[in-house]
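In structure tokens below, several structures.
Both complexes shown next keep chain A, but they swap its partner, so chain B is in the first and chain C is in the second.
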Partner chain A sequence: MDPALTQALKTGVAPMQEYLLQGSILDGSKDILLHRLRGLCDNADTAPETFSDHEMRVLNNRCSQSMCKHLRYVGQTEMGIGDKSRHTLVRTCLDIGVSDTVVKFLNEMGFRADFEFVARGIFFHKGRMKVTVSKLFKLSQPGDPQAGLEPVSGSHLVELSVVAPTGQEQVGEDMKNFAEQLKPLVCLEKIDHKPFAAAKQGT
Partner chain B sequence: MAQSGVTVSIEAVHENQIQEVSLDGHETVIPPLSMSECLAKSAQKIDFGEEDEGIEGKQTSEEGTTEKEESAFQPSLWPWDSVRNKLKTSLTEIGVLLDVLNIAKEKKYMAIVQVQQDTSEPKSALQLLAKKKAISLQSICGGLNTAASVLISGAERLKRSQEEKGGVSSHDKFHIELLKLRQNWRLKKVGNSIIGDLSYRSAGSRFWQGGTFEVTKTTSLPSDQEGSTAQQYPLQVVIPSELEGSSYLQLEIKSVPDSMDLMSVTLQVPDGFGRTPLNAHWQSRLDTAQNVLFCKELFAQLAREAVQLKSNVPHVVVSNQIITNIFPGVQLSIVLCHSTGKGDKKTGPHSGKMDHKHVLEHSLHQLLREVHHRTLHLAAPHPVTAPFGMSKRRRLAGPTAMSRSDLKEMSDRSGETLLEQIIKQARHEVLRQRTMSVIDRLAGEIPDPQIMAHWSCLNSPLQSNVKIIITSNGYEGMRVTWQSLDLEIGVDGILVTTKDRRTLKLSFQEKEVEDIIRWQVSQHHIALSQNLARLIGWQVLSYNGCSGVGEMEGFACASSIQLVAPNNDRMLSVRSGPTSGLHVFLKIDSSGNLDPSLSSLVDPKWLNLGGTFRELDLEQIEGRNLATKLELIMAMVNKKR
Partner chain C sequence: MGVVCVYTFPVPEGKSGQQVVDSLQRQLELLGAVKTANFSVDCETYQSNNPTGAAQRILHVLHNSEQPASCFAILDNGTTLVADVLFEVLVAKLTQSKSGKDGYYERRKGLKIESKGPRFELSDFIVKIGSVSMASNFKGILVEVEYCPCAIPGECWELMKEMMQSFMGTVVENPPMAVKNKKDQFYTPSDTVAQYLEHFNNFRKAVVNQSPSYEKEGFSMMMKHFVMCMEIQVW
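Coming up: the complex of A and B.
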């Protein structure tokens, strides 16, 4: 039997993978992109949802605090960036809803806080694809999202992601086709995260 | 003596003749003829001049008289002589031919005339054509005719387009209509044709059947039928055959005898109702086609649920009908009526006889639209990185540690099927109708206290409220005498709240509502008497809300009251029960019968203990209702003597 399947049966956790494409767009052109996305995605007649999330990255984990806390455990990117057969970045991920005590719990386990930021933006969806256009803010006082926020850069981050069970290749194709629709405004592509991690360790 | 047989030895002849044998025994063999020598020998034998003569003769003569021939002819120096002669003659002949050709080239003395066979080919094609024309004249004529007609019709079209008034050519008209079509429907250009989508896919439907229609230009000439001049549109839509005609969903609630088996239901035959004519406007045609698709999806969903649902009551699905019992003796049937419009129209108002529940049909449509809506509008995850597609409650189920039963309850509540919902609504409808009819009937039957029903404006498909107030005409000012009742009509039963805040649960039986109202009427009589007495000045001796004496009622209980006049010599007793009715008794004591000697010893009030109650005939007493009658009685009885 497939080793991933046996593992899943043993632990009782479904193996999910996240397919990710990222790009950025300057603040000035954000409105055109929003208009485009509104037409392409589901629910064109209702206004899209806005969100404001405070994310804390704890070593290799992502822990977002908002109305209900959510923990996301993300693994290494599969097969590296050079793999031409995959159009998107693929990495295994585990999504867990958690209670408020998660930060303390993680600290007890030995994880140390890496960095945190606030993301504010708009959320679209088309079928099971999630598109977010968000602006990242730095916290002037660490740990307190209510205190002043300063934007990190003059552009918005655009992300297209799908969380699907392992082994579905069609997802990559669908995402690539969708990304083609946004081509002249924003180029969504798979971005290698290794240089960033290496640069951070160097500093 | 006989000698032994001569030994005969047979030896093969030497192939090669021996020329000589030398002294040392070496044989010199005549070498066999080489190939060229052999050929020469054979060529010698062939007579080139006499080829046609019998070759057999030659062969025989060859074998036998080879030498003779050689002696007949001149002995040739070399065997190729005759061959040489023959070739010489042929050379001579070719020379002659060459000379002839050279002379012919000059064209002075000789000329070459063409032989007929060679020049027949260029002429044959024409001949063939002529032959074909001759043989298949009709087919060519036909071909030319069709070509001519095509050209003529094209010319007509061009002429028509040129002659049109308004300056807008039909080509432009087509595009204007196409623009209007695009404003309402999704269109796509596939190859040479324009395809549109009339299904609910973009609105969240997941039905397997898709509806694609094709948009074409009207090419046919306007016909001469009456009334068709105004309906010639430049645009035409081609609708798939399975969506043609019109359809609707028919919902019916009927009472059937209790012992009726679900299997013996009568099948509905949809009656032929109006079809949209082919040259109707494209919007109406597309609308009806979309409606057909919607009704199909709705019925398919209901049928699927009816088959898969595990419930106490079995649902029966028969071709285009779903039948189920919602109450014992009450049946709900949902029928998909689809008429393609091709059959003959049935005359007569068939639909008038059937009792459609239009509200419930509309409700079904709304429920399906809600299902569509839920498919598309999934709750956005907060935070955004969380997996989306789960409701907020589900997402919190983990952190708040919901138990298995909680999760199950949550999934049951959110995933109610279409059929369950419509059955609930139908049940509520039945209960409400029944309650209404009972109240109205009783209000007509019981003249004495007035029964008023106030239905609440705010109600849902699953719950309605009604407040019943029982008063006496003319005495409404006395709020205390009012009897009020609150009925909360739900899905399975009715919850009754009385004036003193007692709650009772009723089932779906009509009789229970009637009983309750009658009981309240009887209570009202007694309450009225009590308050009247207080107003007039009579004293209440006893009030019994539920009297345990006297004949037993069919249901509930009777109540009674005893009143005494201010001067203590008259007593009135009123007893009212839901089944026994209203009775008023009067006691006039006969203090005159007593011994006058006792009156000084005994207090006059004790003289009232004797006497018998006699019933009053309320019919004879003037008065519209009990209140006026009682008032009259009390006034008369209390007259100053």
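Coming up: the complex of A and C.
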């Protein structure tokens, strides 16, 4: 077994961390951003890759499902969001390929579905940085994306992320420089999710 | 992946597990089987910690050396998840206690059980002879036979039966449940793991049921012997 994995099993600490910056752009200006991203990113000569993900969040886990199922665990944000030494949000994450029984399995394990949405958009990469520009949709019927979708807002979500082994701080620097190049079209920032979670629990 | 049958091979009284394994191995080699590697299948068991009277769940996590990058999670009601080995890190997270609270799941200590031993190839068949051990105690022998070219159990059961009887004899009469229930469907690696889990659970149960009576028997034998000695002395 891979030593990093053995270590992770022993300590229960996920071997990977996600560095994340988020922002949004109005639907009307999206094409300008896509144009710029096509110029900046690696896959410039090919048509941009599209995706359509159905994400379902269960208690602590997020499971994103499309044609193939994928289970993702994301940990609490590391350090205070006000931590000036870090340019991005950093959290542990586990990306696990799973069979299509995953939703039933998690429910029976005791997890309860929290919320779900569909994200459709375009995906770019530059080196190990991943950029997604996606539109979020609510589902008219829970659990069934075929039944109908309604857009959440008049904007697109823009995310810049890197998943890297624990302790690679240089990543944050690279991401900050990249995000600078997208200004003023979109301001990518580290966003504190805690107030949203608290507000949700309050309702 | 073909169709797999797993059987418990009885260890006759007065023989050790190793002797039985050796004789099986000799018979296979006479048939022309070639030892290719070693294999192992292991199972770790967890139970849920429910604070509010909800039904308790048992979660088994199994590995099979034949699918080294995957792990198989099976709940007590049979729901199966096939996942990346990373899923184990998630289970490890669920068992961690946080800020004074117990984890969502707890590992059941001393219940780790595994079957390991040599793996043979005999033209289109793969045969594995596993010694089952729990907490380093020998529990029994499991023999796994895989017929690689076919994935539908109904199509190849008779052929497999004939081959298996050639070295296991009457142990092989009926197909295992997992194979029987899937007669006309595609057989998958998770069916193999389900067969192992069933056998592992039987071995674990056998331990719970037998050990006290064995002890009692042992104790009463000792007492009889003791009393006899006393009688002889008195006499």
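Basically, the second predicted complex is superposed on the first by the 190 of 203 C-alpha atoms of A that agree within 3 Å, B and C clash if a C-alpha of one lies under 4 Å from a C-alpha of the other, contacts with A are read in each partner's own complex, and residues count from 1 in each chain.
In the analysis below, a residue touches a chain if its C-beta (ideal position, glycine included) is under 8 Å from a C-beta of that chain, and two chains touch if they have at least 3 such contacts.
Predicted model only: the values in this text are computed from it and were never measured.
**Q** Have a look at where A:N43 lands relative to chain B and chain C in the superposition and call it first, second, both or neither.
**A** Touch status of A:N43: first partner only.
**Q** Is A:Q17 contacted by the first partner chain B, the second partner chain C, both or neither?
**A** neither
**Q** Of chain B and chain C, which one contacts the greater number of residues in chain A?
**A** B
**Q** Of the partners chain B and chain C, which touch A:A8 in the superposed model: first, second, both, neither?
**A** The answer is second: A:A8 touches chain C but not chain B.
**Q** One more residue to check, A:F123. First (chain B), second (chain C), both or neither?
**A** A:F123 contacts chain B only, not chain C.
**Q** By the touch definition at the top of the document, which applies to A:E55: first (chain B), second (chain C), both, or neither?
**A** Once the two structures are laid over each other on A, A:E55 reaches chain B alone.
**Q** Please work out whether A:S134 is in contact with chain B alone, chain C alone, both, or neither, and reply first, second, both or neither.
**A** Touch partner of A:S134: chain B, not chain C.
**Q** Which holds for A:L94: it touches chain B only (first), chain C only (second), both, or neither?
**A** A:L94 sits against chain C, while chain B stays out of touch.
**Q** List the residues of chain A that touch chain B in one complex and chain C in the other.
**A** 95-99
**Q** Over in the complex, which chain A residues touch chain B? Could you list them?
**A** Residues 16, 42-43, 46, 49, 51, 53, 55, 62, 64-70, 72, 95-99, 119, 121, 123, 125, 128, 130, 132, 134, 163 of chain A touch chain B in their complex.
**Q** Of all residues in chain B, which touch chain A in the complex?
**A** 376-378, 380-389, 392, 395-400
**Q** For a test of understanding, state which residues of chain A touch chain C in their complex under the given definition.
**A** Chain A residues touching chain C: 1, 5, 8-9, 11-12, 14-15, 61, 71, 73, 94-99, 101-102, 104-105, 108-110.
**Q** For the complex, give me every residue of chain C touching chain A.
**A** So the residues of chain C touching chain A come out as 48, 50, 54, 57, 59, 73, 75, 77, 79-90, 92-93, 95-96, 104, 190.
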